[in-house]
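Labels A, B, C, D and E are assigned to the chains in the order they are written; within every chain, residues are numbered from 1.
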Amino acid sequence: MQDVKEFRPKIVAFCCNWCSYAGADLAGSSRLSYPADVKIIRVPCSCRVNPLFILRAFQRGADGVIMAGCHPGDCHYTSGNYFARRRMTLLFSMLDYLGIERERTRVEWISAAEGAKFSKTMNEFAATIAALGENKRLEDLRCKN
Amino acid sequence: MKRLSFARLNEFFAAIAASNALYLPVDNSKGKAEYKKWQEGTEMSRQLNTLRSAKDFFFPQTENLMEFKMDGKSVEVIDTRREAEDFVIFGVRACDAASFKILDSVYLVDPVDSYYKTRREHGVVVTLACARPAETCFCKVFGIDAADPAGDVTAWETDEGLMLRANTEKGEKLLSLTAALLEEGDERAVEAAQEKTREIIEKLPLSSLSTEGLGAGKTAELFDRPEWKALSEACLGCGTCTFVCPTCQCYDVRDFDTGNGIKRFRCWDSCMYSDFTLMAHGNSRNSQVERFRQRFMHKLVYYPDRSGGTFGCVGCGRCLSRCPISMNIVKVMKTLGGKNK
Amino acid sequence: MQELMKKRAIELLADGTCDRVLGWEKGDFAYDQTPALFHTAEELRASFVYNGFSAANLSKYLVKECRAGGKIAVFLKPCDTYSFNQLLAEHRIKREMIYVIGVACDGKADVEKLKDAGIDGITDIREEGECYVVSTIYGDKTVKKAEALAERCLNCKSRKHMAYDELIGESGEVVPNSGRFDMVEQLEAMTPDERYEFWRGELSRCIRCNACRNVCPACTCEQCIFDNPKSGVAQKAAVNSFEENMFHIIRAFHVAGRCTDCGECSRVCPEHIPLHLLNRKFIKDVNSFYGEYQAGEDPAARPPLGRYEKNDIEPGEAGGNRA
Amino acid sequence: MQRIGVFICHCGTNIAATVDVKAVAEALGREPGVVFSTDYQYMCSESGQTLMRDAIREHKLTGVVVCSCSPRMHEATFRKAAEKEGLNPYMVEIANIREQVSWIHKDIAEATEKAIILGRAAIAKVHLNKPLTAGESPVTKRALVIGGGIAGIQTALDIAEAGFEVDIVEKEPTIGGKMAQIDKTFPTLDCAACILTPKMVDVAQNEKIRIFSYSEVESVKGFVGNFKVAIRKKARYVDEEKCTGCGICTEKCPQKKVPNAFNMGLDTRRAIYIPFAQAVPKVATIDANYCTMMKTGKCGICQKFCGVGAIDYTQKDQIVEREYGAIVAATGFNPMKPTQYDELGYATCEDVVTSLELERLMNAAGPTAGTLLRPSDKKHPHTVVFVQCVGSRCDAENEKGKPYCSKICCMYTAKHAMLIREKYPDTEVYVFYIDVRTPGKNFDEFYRRAVEQYGVHYIKGQVGKVVEENGTLKVQASDLLSGEQLHIDADLVVLATAVEPDKSARSIATMLTASMDTNDFFTEAHAKLRPVESPTAGIFLSGVCQGPKDIPETVSQASAAAAKVIGLLAKDKLTCNPCVAESDEMLCNGCSSCEKVCPYGAITYADKEFRGPNRTTLIRRVASVNAAVCQGCGACTVACPSGAMDLKGFSNRQIMAEVDAICKM
Amino acid sequence: MNNETLIPYVGIVTEITQQTPDVKTFRVEAPGGGKLFEHKPGQCAMLSVPGISEAMISITSSPTNTEYMEFSVKKCGCLTEWLHAMEVGQMITVRGPYGRNFPVYDELLGKDLLFVAGGIGLAPLRSVINYVRDNRDKFGTVDIVYGSRSKDDLVYYKEIVEEWCTTEGFNVHLTIDNPQEGWDGHVGFVPNFVKELNPDLKKTVLMCGPPIMIKFTLAGLMDLGFQKEQVYTTMELRMKCGIGKCGRCNIGNKYVCKDGPVFRFDELDELPNEY
């Protein structure tokens, strides 16, 4: 049962193919570690991330969701991350408004050259989530037993 | 006939709650009545009726039916049914009490729905006669007496206190739990209260509504009536009327993949929804006119056909006050019925 | 007003400007009006109604009517014209098929407010100056109109028609400080725990009847993702708190930047959940993050989620006032 | 139900040292749909690929998951291998268990668990993969260059040189652009006309190049490889075929008071004119705004004198439809008119001129035949003040100016100062600057020569006011280094005004669905790596329309754009990326939300007929995606509320399946 | 195992036969062998793959088969696609039997029978046909008119040729829509074929197929002088619970899952035209 196990957060990271996923690769090849709780899903661009995916992750048991994309202005598709930024700004603000811990969601802009930033960001985020504890406010109990 | 002084109402509830889960109408944050579990300090609502009907107790909006474990090619069925706890619903009005009979006629006929049956067996219904019916009430039209509701126990609020009459064995048993609080009551107090209620009912604007031209055997006359189109024109196809209706009993069965197995659950469905009859190769009720017609034909013709004439509506009036566009069974009856113009 | 409208509708039918008129039909108790199509002068004379209880926003019906063909005349209140423009902007209706008669509105009454005040057994309601005289089976009651005003009308954002072919009555002005974000601000000022409790208390009552969605003039999808089994997120019931949240968050998100704040969602909710507070949160955020934007004001305007600025606020920086 | 094969790569010990590959293979082998699961030393090796191909064949695999290094490394390798075995390459997915697992985790149990989860996610995705085929579209082997300045000319010449047809659309009566108006070029001081006009002649004589002068782009349809462009040939009232450019009409025309735009309005020309002697095409044009015949119907002198009967007062605009495979924007720039700076006196004082006006005043073919005379009294100026950065490098609050550096002003001002000092040593020259920017080959040497050899007075400071008093321009300025207020009596003030993208560029960008920045410069596909391509496939950028540049930069970018165009036109067919958006017409609302976020203009709408309920038909507006144009970013998929828009290869269902698998308890 | 009709049995698919390009027949047995439950010809069962969906499928095997049940499924939706993709040994869930059967135990006894089927419509009739074969003495002559788009689309072709055609008192008439290489049988649509065959008016007709076929065949039979009381069909509508409670499969006051799926045409006449 849950209570006997030590809390291991589940973290989903949506990474754009061109910058942040490459940044994760660089973190890997530079042997810059971050917790295994972070699992990456590759998307072509941060603008591919639908709010549905983020809610889905929480439903299925994620405790934190992070989206990483190219720095504003560097989007492989010119404008994708600008749209993503607006969408996530609004979505996160709404989650906050509903009383859901805003630290559970995060957006970072990580370039292909920023392996160190990738690792640092994921370490920080994992620590934040670990401190926050289990996601209770957006959980779906059906998926938790 | 038993009598309970109003001053001891709280003790009465406490006595019941000692061995049963007791539910009664309580005002929520919006000032609307909804059934809540009684605990010390819970105050009963003074509203005429609850926003949602009492059917939720026997036919909840969602319920788990079973689970499946899948592993490779194998499938395991897990029966998740549990023995239900005994519960008492207090303050059910005549209309909702009548709706239970309609639900029974669907769920308790062969093959019996065991989920429903279990809850029905474990539930004791204490009805409360109406004292101040609303303009939207028309239970009388369907032969329901708001002054003398059915149920395991019937209660009246009279000048002399709360009068209680057990109608069934379950009812007797319930009253026996509270025997210490009860005295013998005078029938006449009840009669006086009933008379007052019935007088008001006569004055209600919808009490004169007629069922002529409606009911069993009227499919051929009513099905192709051109008025259906205009009646359904504004219908949004939402499920409000069905979900607040005490007699609507349609459901959907759905599977939810939790990632660790499949939960099969049942949930309310609405014949007003466009996907209600949708299947892989078509839909037998394609347009809102057909879906709208189905709902009212079911209440006013098909159900009476199958039940020896009893209508599938109890006149509670919830759809009258909740429909977003104020289209409802009364307007349908007035338009299609014989004598309502 | 009602008679003027009726007369005008009859004329428009007669001179061929339209072949049907979309308006409100009277019901049994004065407050239970149904949106209806009127095809003849007789129908209009018999049952057309317009008064303080003609609350329904008729613009969404135009989507269906434009598909049916012909020419439709429609009565639109100021707030309805915003929805109308938004539908035009999204190509859901065809301007040339519609004759818009803007009608003045000084706020609509909410019968629930009368009922909450203990007035029951209502058989008729008459307007007398600033009051409603309510006949009930338990006697007559007089109520000030202002006391019966619907929640959304208390914070009316605009009495100005954004589109019309002709006006009956006068078009007013945009209300500069409508106070419509006051409640949003109050919520923002709460702690996350308080907000969570507030919304759980509200959304837990959701019965997923879809009335909010089906009445919403911005929700005109051919098929809602929540109804489409192929979408992978279809839901039919508010099975648990997650699904309640999910439905309302996604619905609000899908209408973000498109919602005109007509308030129909909250009006029709049988459980009286203040759904407009979700939409207003997005409207307020859009205004404060990306500049004032009122959906439906200008059908040619680019929606806030369809444009961007290079120096837009970062998701981490935006947020309510956290305690 | 797919039949999936799973292959776990050891990557030598790179993976196998930290991940228990056997355990992963065993665990993933139990997943639904997995019919084969194994591990291997080096999956990317020839024998690893053979292992995979054999398994595809023997186990009739419909999907493959390789747990290995990053897909950015070997996804293509494995997809190609699968394709060779007849499996659609897009049925292969990679779980990255090296960069994301073995290289960053030390604990074997933890790493193995994570590898299994990532493998499960890939399996879950493959279950929903569909075979994808890359589409092909033909290429029209002709390019369009919009703008006939030095950028457009160079691009056109390079493309034509490679053997492809090129059209140039130029809105003025002649090609040549701004360079034709310039006197000398920095830092070499060679004559602009001497190096430009031979190129103009080359263009005119090149059989592959067709010039549409005095023409504008009316509309652009289509997509990369298949553009359809309508060109408006404005009526010039002279038959281009017949006109020999003899110029007799321009001498006989009685209307002499037309401001000469080519000379920046510093002198006049006739109503019928050839902009300058070396114009290409050398054809006269009637300026209908001034022509007496056109305005009153009385005159007709030019017609009388024209020996070849080329004059045609009834000529109408003509629309020409042409097809192209690629389009180059070379729309160039204009120097800003500094009329909004009242303090600098441009609008009020005749002797305050812009740098380009100075070019004309110093040009042998200009209004003063190359002698520097100030406009007001045609006297030789003895004190000349140059003001730098007029309208450039302005603060965000300063709405009058531009935020960017116009890049060329420092150098041309040094050139002007130097030329004046050389020709008229008696003239004092002051230059007020904020910074002097001279990065470029021989640029700083050039600037230092101006200061050191030619004695130009460079003053770091700003000019606060210029007023005319009795024929003298009183210049008030501050010297920022000494902190002194300076008062200079000048005869001529020259303003180095900001470079502005041509006004026509905005509407052209809209037609091309090419994006622009807030300053109306075209945006490049990638600031560093794709500087001459627009994000819209098939649209290329040449010259100042992309950002301020000097001539050599412009020419090299023009050639770079040409190289890109040639690369495109050399292909017979274009292979499209199959991971593109697609619209489900049954779900599409036609609301245009997706179109608004598409950076490529790949989405179009059409009214289509659908079957409605009960045997009715209804017409609905629905979106469709041009697979040749879509680059697959997915912005549209999120903008779409009904879920009609989805992205192949990264569909909603696929991504959610990955989410589910990752979050599973 | 249970006393709740909504809770299904688990069955194992023990054999899968590809009948036509889009029809497969699945043989289902209880995990310990034998049938999951007894049924009557014409009755249906709810097949389900948990997590995918449930669908009502007619039981195509005869009750006289004591070893297994069979279901023939045409690929046309989410569940059926899944079923088509599965392999032998897969478990699925089955609940039933549901609905009214063809009246083989009473009204049809001793009658001459005419079966008319089109395409996959033969599946529910096959249960009756094989029941009749196994109870040959209880029924009169049997005529089977069966048509499909092409030869490849005829289901149970082997069984028809090898078993039905060789049964005494059985006359099988096959037809396909268009001429085809290797087909020397009848070509044409079923309704016309029935009319051409001019069946004896004493026969009782059992019919199943696409709506258009039913419509025209019925009209043809009426033209020939048949009465609606002589013609049975079986319906398919959106069914969910299978027990007349969930409320979606009604036509007027009848629930197809409970009061049907077998109807006599005179009964259908009384129902509103909403199917």
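Throughout what follows, a residue touches a chain if its C-beta (ideal position, glycine included) is under 8 Å from a C-beta of that chain, and two chains touch if they have at least 3 such contacts.
None of the values given here were measured: they were computed from a predicted structure.
**Student:** Out of C-D and B-C, which chain pair has the most contact pairs?
**Tutor:** Answer by contact count: B-C.
**Student:** Please indicate which chain is farthest from chain C, where distance is taken between mean Cα coordinates of the chains.
**Tutor:** Centroid comparison gives E as the farthest chain from chain C.
**Student:** Among all other chains, pick the one whose mean CA position is farthest from the mean CA position of chain A.
**Tutor:** The chain lying farthest from chain A is E.
**Student:** In angstrom, rounded to a whole number, how far apart do the mean CA points of chain A and chain E lie?
**Tutor:** Roughly 53 Å separates the two chain centres.
**Student:** Could you give the separation in Å between the centres of chain B and chain D, each centre being the mean of its C-alpha atoms?
**Tutor:** Each chain reduced to its C-alpha mean, chain B and chain D end up 68 Å apart.
**Student:** Using mean C-alpha positions as chain centres, tell me how far chain A is from chain B in Å, no decimals.
**Tutor:** 46
**Student:** By residue number and range, which residues of chain E touch two or more other chains?
**Tutor:** 78
**Student:** Mark out which residues of chain B touch at least two other chains, giving numbers and ranges.
**Tutor:** Those would be 70, 252, 256-257, 259-260, 269, 283.
**Student:** Multi-chain contacts only, two chains or more: what residues does chain C have there?
**Tutor:** Touching at least two other chains: 225, 233, 239, 305, 310.
**Student:** Flag every residue of chain A that touches chain C in the complex, lowest number first.
**Tutor:** 51-52, 55-56, 58-59, 72-73, 79, 82-83, 85-102, 105-107, 137-142
**Student:** Within their complex, state which residues of chain A touch chain B.
**Tutor:** Listed in rising order, the residues of chain A that touch chain B are 60-61, 142-143, 145.
**Student:** Within the complex, which stretch of chain D touches chain E?
**Tutor:** So the residues of chain D in touch with chain E come to 1.
**Student:** Provide the residue numbers of chain B that touch chain D in the complex, in ascending order.
**Tutor:** It is residues 70, 72, 257, 259-260, 283, 286-287 of chain B that touch chain D.
**Student:** Using the touch definition from the top, list the residues of chain A that touch chain D in their complex.
**Tutor:** 10, 12, 17, 21-22, 24-25, 27-29, 31-34, 36, 39-45, 47-53, 56-57, 60-62, 73-74, 76-80, 83-84, 87, 119, 143-145
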